[in-house]
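So, here's a batch of structures to check.
Each of the next two complexes has subunit A plus one more chain, namely subunit B in the first and subunit C in the second.
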Partner chain A sequence: MTAQGHIGQARNAGTARDTPILKVEGLRTEFHTGAGVARAVDGISFDVREGEILAIVGESGSGKSVTSLSIMGLVPSPPGRITAGAVSFEGRDLLRLDERQLQRLRGHKISMIFQEPMTSLNPVLTIERQMVEGIREHLGLGAKEARAHAVDMLKRVHIPAPENRLKEYPHQLSGGLLQRIMIAIAMSCNPKVLIADEPTTALDVTIQAQILDIMRALRDEYQAAIILITHDMGVVAEMADRIVIMYAGRKVEEGSVEDIFRNPQHPYTRGLLGALPKLGQAGEVGSQTLNEIPGIVPLLTDLPDGCRFAERCSLATSRCRAQYPPFEEKRPAQWAACWETGRLNGEGGP
Partner chain B sequence: MSAGARTALLSVDKLVKRFPLHGGLLQRVTGYVHAVDGVSFDVGKGETLGLVGESGCGKSTVGKTVLKLHEPTSGSIRLMDKDIADLGPRQMRQYRKAIQTIFQDPFSSLNPRMKAGTIVGEPLSIHGLASGRRKVDMVAEIFEKVGLRADHMERYPHEFSGGQRQRLSIARALVVCPELIIADEPVSALDVSIQASVINLLIRLQKEMGLSFLFISHDISVIEHVSHRVAVMYLGRIVEIADRPKVFAVPRHPYTEALLSAVPVPDPSVRKKKRILLTGEVPSPIKPPAGCHFHTRCPLVEERCKREAPALREVSPGHFAACHLR
Partner chain C sequence: MDERTTTGEHPQQAAGEAMSPASVSIDSGARGGRRLSGPARFLRAILANRGAAVGLVLVVLLVAIAILAPWIAPHDPDEMGVGMMLTPPDASFWFGTDEFGRDILSRVIYGSRLTIQVGVIAVGISLTLGLLIGLVSGYAGGWLERIFMRGIDVLFSFTETLIALAAVAVLGPSLTNAMIAVGIAAIPFYARVTYSATLVERNRPYFEAAYAAGAGHFRLIFLHLLPNVIPPLIVVATLGVSAAVLAAAGLSFLGLGAQPPSPEWGAMLSAGRDYFTQAPWIMLYPGLAIVVTVLAFNLLGDGIREALDPRQQKR
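Coming up: the complex of A and B.
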């Protein structure tokens, strides 16, 4: 049997779209460092639904990658430790599974692709060995069928001459091809959830366009939920249905891609969008200044009590510095953690 | 800035840079990496030329060759009408002062054992421009100019954030009052919020000091924001060069069109637009394809493109493209 059977079913199962397939609640992940305890992820909650692309956006140190590693049970321990929270998937809490149970899930029902395809593949094994291993293990196929399925998957990600590629080693292939192979491996067991951590950051823009195109097509075909972790607002605008914006380990805003780009409700989101040079909108050189966000991200080992963005925020008041703002619904289906949303939106003075 | 009124500060003509490949028992030369394959452009006074292209297109090699970190295989580089191949040792020193650089990685391009003030002051000593109290004053002045405080001079590089380190690199480049800055991916390692402040700083300094930039980047949006003119490179050659608005509004080379079309736009409402998706990948610069280097991926390819390399031709006033079909 090939994966065709699963696909047909997945397509018709449109009814489940509004029920979350994966739910993260109050996740907290800490790292013990020489400088103290770094709270990389500090109480993150979100869910993702079938066939949906959820983007988790943040700059370096925001905790977006640690969030994904925590879901997959891949946080290196020590120094890392998940100290609170739950990740529910198909009625189970992933954080309570042992390594054997996790291994059965990883690469099967939940799979992941990383930024560097070169380092995620084993350099001394052929592509075939690396693809077929998971397919046989998770789908219980025989050697021949597994190989046929691998070839089929490579075709789906538009790899020319897939039979030949299977015999090759990772170093013989380019970054763009390797990332396509990673996607083929990740999708080969028809996962319910695909976590893609900066999948195109290491690639050239014309290759990035190809990869994003493939990811979208696979989402449509398999109805998998995709958690897309990225710092690139262009990629987000292009791919995501919903967005979670992270800053210094916390979620600062959440909403649909349209709402967040059109009407950001957190000063950090607004700042981030204003900081980007936008293609096709540049005036004379020097006629436009990009929006600067002064200062830097606080140290995760020395976080302030109040809003973590307060030090860099032009709207910050003494309340912002003293008290962390609640994460509340600011507009229908759009949430943000900010005391000063009213002023941000131009209500009640500057 | 129109092409005619410009006076060229830097002129690069038919620049070629090949790197030999060694192999076999005797480490004989078995082939060449054709990194730069006949590139010509100039940079006017006070102007930014954006050099854009994907990895391996040779844009960084162009920058390094102009910096004299590589010897050109052939072709000429002229600064203020003097061919740098003819320069004696003393004039070479002048050249090295006139052309400064900012690299991508602010972590590896600053000596971790030197204080920030010493790093920025070093070029003044090397070029014999200042010493003692005067040097300290000049360093303090340039610190202020790039948005650092005078007391930062006593700190070591690891005590600075990524954005501040890039400001240090900029200060080190500017302290000798250069004519031209080669900026190779100067903001690519920085987070978006920090990137914006460094870009703003570079544009402000250009105005204040009349600097010229050769700005090398893979980030097309950044290139559009900072450049007066833009050159697009593909596999060692410039395929299109013109004033910035022309390249972005009416690209004439199929590669430029595909490149612009591939950039994800941070606006979900334009998501539905049709992209030009290039198939395949950039061929190896060890064995570049015959004819037009882009012909293996070009959606418009014709027989002629596979045989004859198109010359860079003026397709409209001041707008040059290397394509048989345009």
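Coming up: the complex of A and C.
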């Protein structure tokens, strides 16, 4: 999947609305481990608007999945704990809700799809049972109406012969079908926010594209906000309106897809984009080796005082190692946390 | 995998290709009997094991004998003097007679009813309570788990017999109380198995997905966890029947269970002790009945375990 090639066509009318539907402010989630306190998410803020697809991007251990679990109130406790922040949704702070109130929201106003469709459905229950239970509980429908609604949802995700699929068990279906069913379940109560945690990672590439198409179509139809958690910049280019780049629990860059793909303002973002194969640029630049980012994400239990990316950054100075850079607007509507943006831009494109 | 295969054009192919390697072997094994329902396929898997087939036949036979006892027993089991006292086995009294001239064959036949009762009721008690304790502890965690599972640990540190004896001492000697006692004594075992199965299941992605979809406690425990922890419990319960039969017979033998003139096998053994040197058949046949019953349930339990264990599928 090419990255830059799709940017233009991926944009959509859905971005117009301005009021955020979900707003995360200063979220901090810690895990108490034997090696000390790991701050998996350290003061993350962002918002999503109606009908918008926001991608949260980062490599393993950057805190992107923990962010989504924190929003849903799914952080396992112990050892996890949300120690600061607020998540406002429809005038309420989700972090202050009790378990019962959260339960009513989950799968209804805010729903989630997971990485592994093969294991995300209960192996001993039919698809019907698993779809209908939630629909009945959240929408208060009778058994018959709930079943009709389930069939309707399966049709919307283009599942052939939905009545037959309902009678089947998960092991009888392919991963692509199961992920579509997961999406149908997630969308069945018309959620305001859909959190998709690496929804295509476990799928074949051909099926990935179909799943992404279905998600986009549902976004257009329901005007739900989608938070897309991924490490795949190709998927981001294909899907997202805006991007938040996370590194070691913090936000390092935020902006629209166009801006970030054309003018990344953080060396880490530039590294992520440089690690992508590019079609159609073969003739332009001589060297066509993929760039890797050297090193690994620092241990969350032992974070440096300064910029957390400094260890792996070719531009790092002594100031980078000593002081964490402020998260500031580098270009209109594009923010990054880096001391050396000037030098980064001076050096030319990736 | 070609997405076309999932559009229904080639359902066979689609199912096969979508499977992980492990499930393919299972599925291809069942491919020949595609129309077999789940239970029928399961039964066939059990019968593939010769020991389990023998066990199943014996269990069915035992149940049939218990049901048909009034029609197949040649005599009233409690009627004294139907023959001479202590008659050795012969053509008219196949198993001989006991010290009161009662027909041992008839008593053994009627005794099967008590044995089945013991098995069902004792296992029912331990299964129900053990399942609930294990499920709730495994699901809830925290202080509930600590209280329940530490309690189970304490019970585990006593032998089952001791707990059963204590329970009978409190409840008083009778067959009903013996069943309850045996049932209570086996609770820790069922609770432990359920608990560990629950811990495994609740860490599976489907559980998190169901939780994230807003499922409440009740739905999570009884719709999602319960059916997934049942398979190991079927095995434990089947093996548990033989343990319960043996334990109840033991209590009756000690005079703490069935009371005379009840034709309970353990009680018959106990009563026959005094005459063992002159009339060994008094103890032989009830003893054999116990052995065969226990063996039958053990064989069946092992067969079910193998049928449920994908690693032991036929290569």
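Here is the rule we go by: the second predicted complex is superposed on the first by the 321 of 350 C-alpha atoms of A that agree within 3 Å, B and C clash if a C-alpha of one lies under 4 Å from a C-alpha of the other, contacts with A are read in each partner's own complex, and residues count from 1 in each chain.
Definition applied: a residue touches a chain if its C-beta (ideal position, glycine included) is under 8 Å from a C-beta of that chain, and two chains touch if they have at least 3 such contacts.
From a predicted model like this one, the values you see are computed outputs, not experimental measurements.
Student: Figure out whether A:Ile185 sits in contact with subunit B (first) or subunit C (second), or with both, or with neither.
Tutor: Second partner only.
Student: Would you sort A:Arg104 into first (subunit B), second (subunit C), both or neither based on which partner it touches?
Tutor: second
Student: Quick check for you: in the superposed arrangement, does A:Ala143 touch first (subunit B), second (subunit C), both or neither?
Tutor: Once the two structures are laid over each other on A, A:Ala143 reaches no partner at all.
Student: Name the contact category of A:Gln210: first (subunit B only), second (subunit C only), both, or neither.
Tutor: In the superposition, A:Gln210 touches subunit B and subunit C alike.
Student: Once the structures are superposed on A, label A:Gly176 by its partner contacts, choosing first (subunit B), second (subunit C), both or neither.
Tutor: both
Student: Should A:Leu273 be classified as contacting the first partner (subunit B), the second (subunit C), both, or neither?
Tutor: In the superposition, A:Leu273 contacts subunit B only.
Student: Under the stated touch criterion, which partner chain does A:Ile296 make contact with: subunit B (first), subunit C (second), both, or neither?
Tutor: first
Student: With the two complexes superposed on chain A, say which partner A:Glu238 touches: subunit B (first), subunit C (second), both, or neither.
Tutor: Only subunit B is touched by A:Glu238; subunit C is not.
Student: Touch check for A:Glu258: first (subunit B), second (subunit C), both, or neither?
Tutor: A:Glu258 contacts subunit B only, not subunit C.
Student: Taking the stated contact definition, name every residue in subunit A that is touched by subunit B in one complex and by subunit C in the other, in rising order.
Tutor: 174, 176-177, 204, 206-207, 210
Student: Mind listing the subunit C positions that touch subunit A in their complex?
Tutor: Subunit C reaches subunit A through residues 1-3, 5-8, 14-15, 17-20, 23, 204-216, 219, 223-224, 227-228.
Student: Mind pulling up the subunit B residues that touch subunit A in the complex?
Tutor: Those residues of subunit B that touch subunit A are 48, 54-55, 161, 163, 191-197, 199-200, 203-204, 206-207, 218, 220-222, 224-228, 244, 248, 258-269, 271, 275, 277-279, 281-282.
Student: Per the contact definition, I'd like the list of subunit A residues that touch subunit B in the complex.
Tutor: Spelled out, the residues of subunit A in touch with subunit B are 59-60, 174, 176-177, 204-210, 212-213, 231-238, 240, 257-258, 261, 271-280, 282, 285-286, 288-294, 296.
Student: With touch defined as at the start, can you tell me which subunit A residues reach subunit C in the complex?
Tutor: 72, 74, 103-108, 111-112, 114, 116, 118-125, 129-130, 133-134, 137-138, 160-161, 171-177, 182, 185-186, 204, 206-207, 210
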